[in-house]
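First chain written, first letter: the chains are A, B, C, D, E, F, G, H, I and J, and each begins at residue 1.
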Amino acid sequence: MLFHVRMDVRLPADLDPGERDALLAREKAYSQELQRDGRWPHIWRIAGEYANFSVFDVESGDELHQLISGLPLFPYMDIHVTPLATHPSDIRA
Amino acid sequence: MLFHVRMDVRLPADLDPGERDALLAREKAYSQELQRDGRWPHIWRIAGEYANFSVFDVESGDELHQLISGLPLFPYMDIHVTPLATHPSDIRA
Amino acid sequence: MLFHVRMDVRLPADLDPGERDALLAREKAYSQELQRDGRWPHIWRIAGEYANFSVFDVESGDELHQLISGLPLFPYMDIHVTPLATHPSDIRA
Amino acid sequence: MLFHVRMDVRLPADLDPGERDALLAREKAYSQELQRDGRWPHIWRIAGEYANFSVFDVESGDELHQLISGLPLFPYMDIHVTPLATHPSDIRA
Amino acid sequence: MLFHVRMDVRLPADLDPGERDALLAREKAYSQELQRDGRWPHIWRIAGEYANFSVFDVESGDELHQLISGLPLFPYMDIHVTPLATHPSDIRA
Amino acid sequence: MLFHVRMDVRLPADLDPGERDALLAREKAYSQELQRDGRWPHIWRIAGEYANFSVFDVESGDELHQLISGLPLFPYMDIHVTPLATHPSDIRA
Amino acid sequence: MLFHVRMDVRLPADLDPGERDALLAREKAYSQELQRDGRWPHIWRIAGEYANFSVFDVESGDELHQLISGLPLFPYMDIHVTPLATHPSDIRA
Amino acid sequence: MLFHVRMDVRLPADLDPGERDALLAREKAYSQELQRDGRWPHIWRIAGEYANFSVFDVESGDELHQLISGLPLFPYMDIHVTPLATHPSDIRA
Amino acid sequence: MLFHVRMDVRLPADLDPGERDALLAREKAYSQELQRDGRWPHIWRIAGEYANFSVFDVESGDELHQLISGLPLFPYMDIHVTPLATHPSDIRA
Amino acid sequence: MLFHVRMDVRLPADLDPGERDALLAREKAYSQELQRDGRWPHIWRIAGEYANFSVFDVESGDELHQLISGLPLFPYMDIHVTPLATHPSDIRA
């Protein structure tokens, strides 16, 4: 099923630049692996903010939590999940 | 460009059932026409609420406002728009 | 999977008493049928408020939305859904 | 009587990993002891967040505060308690 | 045990004056009976607002909800309950 | 006159334990002196939170501010004051 | 003592114009009488809003509530009171 | 001086269409007159909402309030004003 | 023209006491100079909080910003400004 | 198209003064370059706050995000973007 997720990143201003770069590289790789296997079908930057709206496609709340809590940036993010359903007007439903 | 839109429907409890059905039928037709021509690429029901998350793909704020303010349900909805950008981790970007 | 749901009831003050009683009787029957078939395992009154916290156990967001939007009181409620996962400290997990 | 509790964990990013592991081990042991003796009948992870919804079953507000303020993570959590009552539609009431 | 309760009254502006007076008289009698039997030990007006802070002393969440939902003004109030515990500095504890 | 006060304590996690104990001892002594002389007639712990609801009985806003700003924990608290009046249903009024 | 008060007026759109004019005339007379006797020393319009910031100078919370609840517009206003104290930098203190 | 103003329009759903059209025509004429004389230099629609961001250029808070409270839609709008100053980076300052 | 200002002070808990005293002395001198020249006609402590409500009387938003941003405590304050206008019931208007 | 942007600056109190001056100089140069090429047509200080309201004129959400995230102060700002459209009453439209 689908879940809508908003993630707001709060990196400490004094994070070591090298550590920061490594963290962001791991985050990108982690995200792209989930995008490729179909479990993270959408990710958009919120224009002007260090934040994103994403859609996840998983089997359960447990799988969703496992994926999100495994994000390298998880300790630095505020996250809010909204469960989705098929909209009756959706032409692809 | 892409815009993320949340729409919350507040229909008056005393709306005439026939009027309500006609209104919802027009809303559905209007939405599906925009979905078919590619300007409303995503619409999801927020599970448990009379609300949706949508993504619009339009040329400008003017076009976006024209589409949304033309919705048959527009007078009965609270709407909030968030502009989107390409996420640097998006594998389709 | 499990979903946590908060429901706040806002009945119009001028609702006909007979209509109100019939509505509440249908709500109770609907809720108890879902409790009996295991899809609504918990329902608690929030003390002092016309509101409840509930837990639903369903297969998908679609099933959840179908159950909630079918509630006789649905047009009169504010509803917020939070998806749940197994807690690592849960002794029953 | 029953209380609904939401706990949001805010661990400092620079907490020593060994100290953190010890803290979480003590938290788990503390929670499981209360689950086993029946005073913490439900605990669910909020999917995607470092937070939980719990239900406590205690004799009084004093007992509730003693249990919650004794949590090893108490200094690192935002906590909100809502008192519960039996719902008139609850089939187990 | 003790519960802190905030009640905000929202009477409809078009309520019949006679009906309003009768309602308020019943509310006062109901409240004073509970004050006399010790279950509503404190009630204060919030200065400048049609609202009160109260403290209830009851056996359980069920008893609390029964008392509050029986208030003649209950359909016209927003109510929020906070459970209390003994403060370690309280000289009467 | 009476004032309702909510105090939320935010002690820094890295406060020296000895300093913390001394601070809390001074806070307790200060509070109990005001309770004994009748100016702090009520103090309740908010169950599950490091916070209290209190009622102060003082001559003026100046006296109230002098008492609250003199609290040893004042630099570590969020405080909100609400002025009270006699409730027309209060049987002790 | 001094109290800071914010008042937001919410007149029903369908109020009879004659009734509205009479109501506002009574409000003005009531306010000016209190201004003249010194108990309502300041009243400012909040620019662009149907609202005001006021300062009252009264003996007690009871007197404050009596004055405010006697306002002809009281049933149509949202009101919030903040108790004031002398500021240590005030040159007139 | 300059003021930033947000206006949210809340027209009643049952407003007579003729009355509504006349009201909107008067609002447009009123706004355009102020735009032409330089006191309302900017007005933008908030995309997707029945709302606008505006900038007013007036001599005083009194003049601002007179202009805004004279808007034909004033009784149907939520309005919030923010005073502006020259930004030190503004190349036109 | 007049502006209503709320200032909330957030001094860091670890500020050097000597530095703190010097800062507060400079703040007081700065405030009193503006009070004496008539541009800061009112300042009240919000009872129980490290905050004040003030009224400024200045020529423009630019002058207001220059005065406020020059406050020695400016880097440590949350500030919110509301523009004022003459109230039609004000007997001094 | 046009976007309305609010930026709130939160510089750490312990930022090195030299570093701070250099940062602000780079911010100013960056902003003025965008003002000169027409992509940042308006910038106003919010009177009394370390914040601004701006209007950007860009081709897309991607261009907007690139400009804003490139601001030297970006890591120290809370930013909120609102998409704009032509207002039907705008005399310049």
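Everything below uses one rule, namely that a residue touches a chain if its C-beta (ideal position, glycine included) is under 8 Å from a C-beta of that chain, and two chains touch if they have at least 3 such contacts.
Everything quoted here is computed from the prediction, not taken from an experiment.
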From the options I-J, A-B or A-C, choose the one that repeats interface E-F, i.e. more than half of its residue-numbered contact pairs are shared. A-B
Contact-richer chain pair [I-J vs H-J]: H-J
With chain centres taken as the means of their Cα atoms, state the distance from subunit D to subunit I in Å. 43
CA centre of subunit E versus CA centre of subunit J: separation in Å? 50
Whole-Å gap separating subunit H and subunit I, where each centre is the average of the chain's CA atoms: 29
Multi-chain contact residues (two or more partners), subunit B: 2-3, 45-48, 61-62, 64-65, 81-86
Contacting residues of subunit F [partner subunit I, same complex]: 3, 5, 12, 61-62, 64-65, 68-69, 74-76, 79-81
Of all residues in subunit C, which touch subunit E in the complex? 11, 13, 45-50
Help me check something: in the complex, which residues belonging to subunit F touch subunit G? 1-3, 60-62, 64-66, 81-86
Touching residues on subunit B, where the partner in the complex is subunit A: 2, 4, 27-28, 31-32, 35-36, 42-48, 52-53, 55, 82-92
